[in-house]
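One chain, chain A, links the two complexes that follow: it is found with chain B in the first and with chain C in the second.
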Partner chain A sequence: MVSYLLRRSLIGIVTLTLITMLIYTLIRNMPGDATTLAMSEMTDRAIKQEQIERMKAAYGLNNSIPVGYSIWLKNLFQFDMGSSISKHRPVSDLIMERIGPTLLLSITSLVLTFGLSIPFGLYASARAGKGDEQVLSLGLYILYSLPSFVAALFLQYLLAVRLNLLPLFGMTSDQYLSMTPMQKTWDLFIHSVMPVACYTYGSLAYYTRFIRANMEEVVRQDYIRTALAKGVPPRRVLIHHAFRNTMIPLVTMIGLVLPSLLSGSVIIEQIFAWPGMGRLFFESIRERDYPTIMGLTLIFSALTLLGQLLSDILYAVVDPRVNYE
Partner chain B sequence: MNTQQQPVRTLKRVPRSPGYWQDVWRRFRRKLFPMLGLAFIGFLVIVAVFAPAIAGTKPVVCEYKGTLYFPALGYLNTTWENPIFRVDKFRGVYPENLTKNDPKAWAVWPLVYQDPYRRVRANEWPGLPAAEPLMPPDRYHLFGTDPAGVDVFAKMVHGTRTALVVGFISMGIAAIIGITLGAIAGYFGGWIDSLVSRLIEVVMCIPTLILILALIAVVERPTIWHMMAIIGFTGWTGIARLTRGEFLRLRNTEFVLAAISLGIRRPTIIFRHVLPNAMAPVLVPITFGIAAAILIEASLSFLGFGAPPPNPSWGTILDAGRANLSKWWLVTFPGVAILFTVLSYNLVGEGLQEATDPRLRDGRA
Partner chain C sequence: MTSAAPILEIDRLKTYFRSAHGPVKAVDDISLSLGLGETLGVVGESGSGKSVTALTILRLLPEASAHIEAGKIVFLGRDLVRLPKKEIQKVRGRMISMIFQEPGTSLNPVFTVAQQVGEAIKLGGENSAAKVREKTLQLLQEVGIRDPERIMGSYPHQVSGGQKQRVMIAIALSCDPKILIADEPTTALDVTVQAQILDLLRKLRDERQMSILFISHDLGVISEIADHVAVMYRGKVVETGSVLDIFRNPKHPYTKGLLACRPRLAGDTRRLLTVSDFMEVRKNGDSIEIIEKQVPATRLAELQSRGRERLLSPKGELTKLGITLPASNATFVPEDQSPILRVENLEVHFPIKKGVFRRTVGEVKAVNGVSFNVYKGQTLGLVGESGCGKTTTGRAILRLVPITSGKVEFEGKNFLGLRGEELRTARRRIQVIFQDPYSSLNPRLTVEAALTGPMKTHRVGKNPADRRDRAAATLEECGLLTEHLGRYPHEFSGGQRQRICIARALAVEPEFVICDESVSALDVSVQAQVLNLLKDLQDDRGLTYIFISHDLGVVKFMSDMMAVMNGGKIVEFGPSDEIYRNPSNDYTRNLIAAIPDDSLSSIERRQQLRQLHA
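Here is the complex of A and B:
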């Protein structure tokens, strides 16, 4: 096991290096850089030119791509991700600031997804072929195909514009700072209803179908027939005998969820003006803020690799037949 | 009961046993929802092909100064519109100018006289009122108008072409890359396999939308073709993984061994002998990929990263709807169109999966 972990980590580090190199080359090739955007408001040409040169030197934009990349890497080993060009703050501070709002959305959504999709999936497989199950499955299928930005716009139109029940976008109201803790919680809650809904429904539909598909495979096994034949109540067969065996693919999926917990969703955060990681990435691409892009890419890809490793390890934990020796 | 036995005269003809693809189609056909999805995609193809004849301001066929012209083709490709209309200063307005310049001219018009690129003026067409920005649906503007006063119905009809072309071309690119790499990795194995697998892992580890946004930012003025290429170049990993798996499974079978012992060249073995057997399961991620590509194009247009404005795209209409939320027709029509298209492709993909999955097949068929 130890040698397996070591080998996987080494491969992971190589992959990470490749990814960051790729992204660094890409962003340095984008037309325009952070200084042209930051300086575009200035009018005096001479000062402007001088300023641009100074900024370029300060942020290492004059270095060639290999040199720039190795400097970035060297700083990274000293736990320094550089500082944002457009926001004039350390990248790590920016990320720390944006993690909270994204986690608020993603963890709520994750809990809701698993809390609802397991009962839904079990219900669907218990009532397979019946009328209500077909309606539920078709409804979930339509939800699964509904793009989140379309859903977000429908919800905004219906709940915010038409019925005026919920705030249109944002995470807090303007007078948030002067509120009591109770009001603050309520304020956060009503602001997060629509983003959480948009974040959740797609994966809810996906996991329900996933559980149902796995159950369908398991209930055809001989030991299920044996259990039913010896008189175990159907509900107990479903939960105790069948569902426990569908846990194996489910557990491995949990590892793959890890990166999406932090990466947030560019589109949903953009529509609801939610100050999270996805929005930070979108802003930094627009502002050509390459230290921030690099920092975010590093975190996202590292988490993806970690998630894959975790799911492989979990696989060996829940299924004793799997062995990595 | 029929007691009078007919003497056997001719040998009963043994029907040819159905081939693999026929078998897949037979299974696919039995399911209602995948067939509905396929029908809807067929409908979209018809709308996309005949878009200039459904909504437009240019005649489908017209006789002008003694010659037949097909100006509506200009919607598909601007060079297909005969230059004579530019020389005669039509400026895109046909009804009035045709009769003014040539009293004997006649024309067959599109079903709906509305343009996907510009707003129509009053009495351009007899009795047609001038288009205002953000008009709700009425009998002249079936789906209302957008903030520029352009008819949403015409934009939707012409946007169908964008959606379909994006889906097919970008997944075509992805399929070529994915199948080639996956086939090579799976067939040869060894260090080639680990190299390709590493490459797949690298591309998979970067969140798709992030890679696409970064790539699009590199292109100075992205057109729809750039977008398709980028979606294709980032979307091949799933196809490659599946092809690799199929090849790993197939490369040790008897027919491959037979082909090798006959001295057939390797590329022929890979693409003529093994690939057709691996193709059916690979079609499944391609179908789902088309749905994903349409979604990505719509979301990029929606984020303002899409093809430049004159290109009619469902996502651009949605983006206008986001800025004018109370104008429900800007959200509803393109939203429902995207939903149904994605749903159809997903249903077809699912149907294919069920029709080609041997595990599901053996249990039931």
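Here is the complex of A and C:
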């Protein structure tokens, strides 16, 4: 196991280097750069040109791509992700600021997704073919195919505009700073209801269907027949014998969720004006903010690789047949 | 028919399956009776309804597709068919328990042996963890597991197939059931392991006075264990009787056919009788009618005379190998003829890789120094148990697995050195027929495409029309029809599919065919037809075969020369009749001794022993 992890980590580091190299090359080759947007309002051509040159020098945009990349890499080894060009602050500060709001959405959503999809999935497989199961499955199928931005706009119109039950967007109210801790919690809660709902229902439907499909596969196995022939009650067969085996594919998927915990959702954060990582990513691309893009890419890629590694480890934990010796 | 008082009586049972084309009558009005302490063998081919009968008793069939149309199953005065779900659940495992065909898939892969046996014990009402453990240990010892402590902590994938079946038996015994239903319990096991499991079941039956419903497609196995036998055919019981009656004096034509079509070790015919020699099946609307046929004496004579005698390797080579020349009627390959295939010191090793940089730290020697010669027109049989290297040897000859070292010469040319066009030509001349006709045909190709594809690759036939004609002719040669060309594999039965696989191999006009367990997945009655076909094709086309199988009876029937393999090596080589008559190696002797013995004298002896026990 140890040598397996070591081998995988080495491969991971090589992969990570290649990804960041590729991303750096790509963004440097995009039309326009950070100066284009910043200087677009200037009309005096001569001053503008001079300003642009000064800015390029300050942000290292005059360097060739290999030189620029190696400077970025060298700074990274000193735990310095650089400064944002458009926001004039260290990238690490920006990211730290945005992680909280994103985690609030993604972790709540993750807990809800698995907390609900497992019982739903088990219920659906136990009642397969019956009326209530078909209603549940149809409902989940509709949710699965409904785009989240449509649902978000509909919810905003219904719950905020028409019924005035929830705030339309944002993470906090204007008076947030003067509130008591109780009030603050409640304020965060009512602001996050709609984004969390929009963030969750798709994956909830997906995982329920995933569990249901895998259960159907598992209950056809010979060992389920063995368990029934032993006289094990049907409910225990379903949960103890069948679901334990469905955990194997499920757990490998959980590892792959890891990067999405931090990456947030560009669309939902944009619609609800949620100050999270997705929005930061979106803004930094629009502003050609290379250091921020690189910083975010690095984090997402590292998490993706870590998530895969985590999947493999969990796989060996839930399936005794797998070992990495 | 039963001497003992019946403990289980099946009365006019009908189990139907729903399908798009109306009900499928899997079990169609059968009545059976199992006596206290008695073993009833139920024999039949796939689809005869024997397993469905067993699953119906414990109501283990999926409710969505199967239902019990009519009938009663009376067990200790209660009708299991009409028992509420909660009640039948209490019968399962506690009064009637069951073991299955595939020990490999019948145990839950994510729980240890101790957990799975323990669960059954707990269901019987034992709650103290220490007592459950103690009883688990005791059960595992009873079923003959030598190191029960280690096995208890193991997961199913860590123990061998035979041990898994022993664990299954331990689970089945955990609540001291009155009846054990064994559904093909030895079919997936090697023959020596099968003999051990049969021994164990006989021992348990005698010690525990347990009744056994023993289901098998193999009459040989049935003869080893059953007191009474019921023969099933297409959902009906066609004959019942004591085991001696059935073997001594079968009445129904199907039983006669089943008994006659198996290649026996002691047999010496050149062709096999098939079930269709004994009966004809006519469709009468919804039902079928079986018409008995007399086997004419000319047919029996034909079995002896059709085809050639055994073709043994040149006398000089046999003497050099230290084999005494058999006196019996056999021809020998002339001394000056060179072999069509020469295999010398063939080794196939699979590397075991470990560590951060996946260095090779060891190897599995799947084939470890195998040498033999095959002469034109001969059949060489490779026989051995799973893992002995027989299949890898076949694949290595075809270059389907990389060869570690050794020589393979085809017609004097180094087959391993061939490249490009030469390799392609050689590949055409050596074809293979695999074991499973279900997975070795591409389901999305019509029969025509499956046959003409290889022809096109190997440039056989002038144009598409010519290839189509050739494909049709080959199909007919293999006992199928021209109109089958446009159909897909799923429209055929297992036997027909294997005929398609044979036709596909022959379509490119090979001289050498490797049959890798080619009849192992087929029912015995179909197996006989396919074996006859392979022999006829060999005679007509002058083919050379390597015939690989785990079944010594089949290999002996097919082969001129035989190689017994164990642990990647040939442990005994010689004329197949001689090896059977006079095995010189201990491993071969064990293999022969483990084969179920259905001679009347052995059945009589076993039945006398059984009387003594009772």
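The rule is simple: the second predicted complex is superposed on the first by the 315 of 325 C-alpha atoms of A that agree within 3 Å, B and C clash if a C-alpha of one lies under 4 Å from a C-alpha of the other, contacts with A are read in each partner's own complex, and residues count from 1 in each chain.
The criterion applied here is as follows: a residue touches a chain if its C-beta (ideal position, glycine included) is under 8 Å from a C-beta of that chain, and two chains touch if they have at least 3 such contacts.
As the structure is a prediction and not an experimental result, all values here were calculated from the model.
S.K.: In the superposed arrangement, does A:L305 touch chain B (first), chain C (second), both or neither?
M.R.: Touch partner of A:L305: chain B, not chain C.
S.K.: A:T15 contacts which: chain B (first), chain C (second), both, neither?
M.R.: first
S.K.: Considering only touches as defined above, state whether A:R244 meets chain B (first), chain C (second), both or neither.
M.R.: second
S.K.: With the two structures laid over each other on chain A, which partner does A:L228 touch: chain B (first), chain C (second), both, or neither?
M.R.: After superposing on A, A:L228 lies in contact with chain C but is clear of chain B.
S.K.: Looking at A:T200 after the superposition, I want to know if it touches chain B, chain C, both of them or none. Which is it: first, second, both, neither?
M.R.: After superposing on A, A:T200 lies clear of both chain B and chain C.
S.K.: Touch test for A:R321: chain B only (first), chain C only (second), both, or neither?
M.R.: second
S.K.: Between chain B and chain C, which one contacts more residues of chain A in the superposed model?
M.R.: B
S.K.: After overlaying the two complexes on chain A, where does the chain B footprint on chain A coincide with the chain C footprint?
M.R.: none
S.K.: In the complex formed with chain A, which residues of chain C make contact?
M.R.: 58, 60, 64, 89-94, 97-98, 100, 102, 105-111, 119-120, 123, 155, 157, 168, 171, 175, 354-358
S.K.: Give every residue of chain B touching chain A within the complex, in rising order.
M.R.: Contact set of chain B toward chain A: 33, 198, 201-202, 204-207, 209-210, 213-215, 217-218, 220, 291, 295, 298-299, 302-303, 318, 321-322, 325-326, 328, 331-332, 335, 338-339, 342-343, 346-347, 359, 363.
S.K.: Help me check something: in the complex, which residues belonging to chain A touch chain C?
M.R.: Residue positions touching the partner: 3, 6-7, 10, 128-129, 221-223, 225-234, 241, 244-245, 248, 318-321, 325.
S.K.: What residues of chain A sit close enough to touch chain B in their complex?
M.R.: 11, 14-15, 18-19, 22-23, 26-27, 29-31, 138, 141-142, 144-147, 149-150, 153-154, 156-157, 160-161, 168, 217, 220, 259, 263, 266-267, 270-271, 281-282, 285, 288, 293, 296-297, 300-301, 304-305
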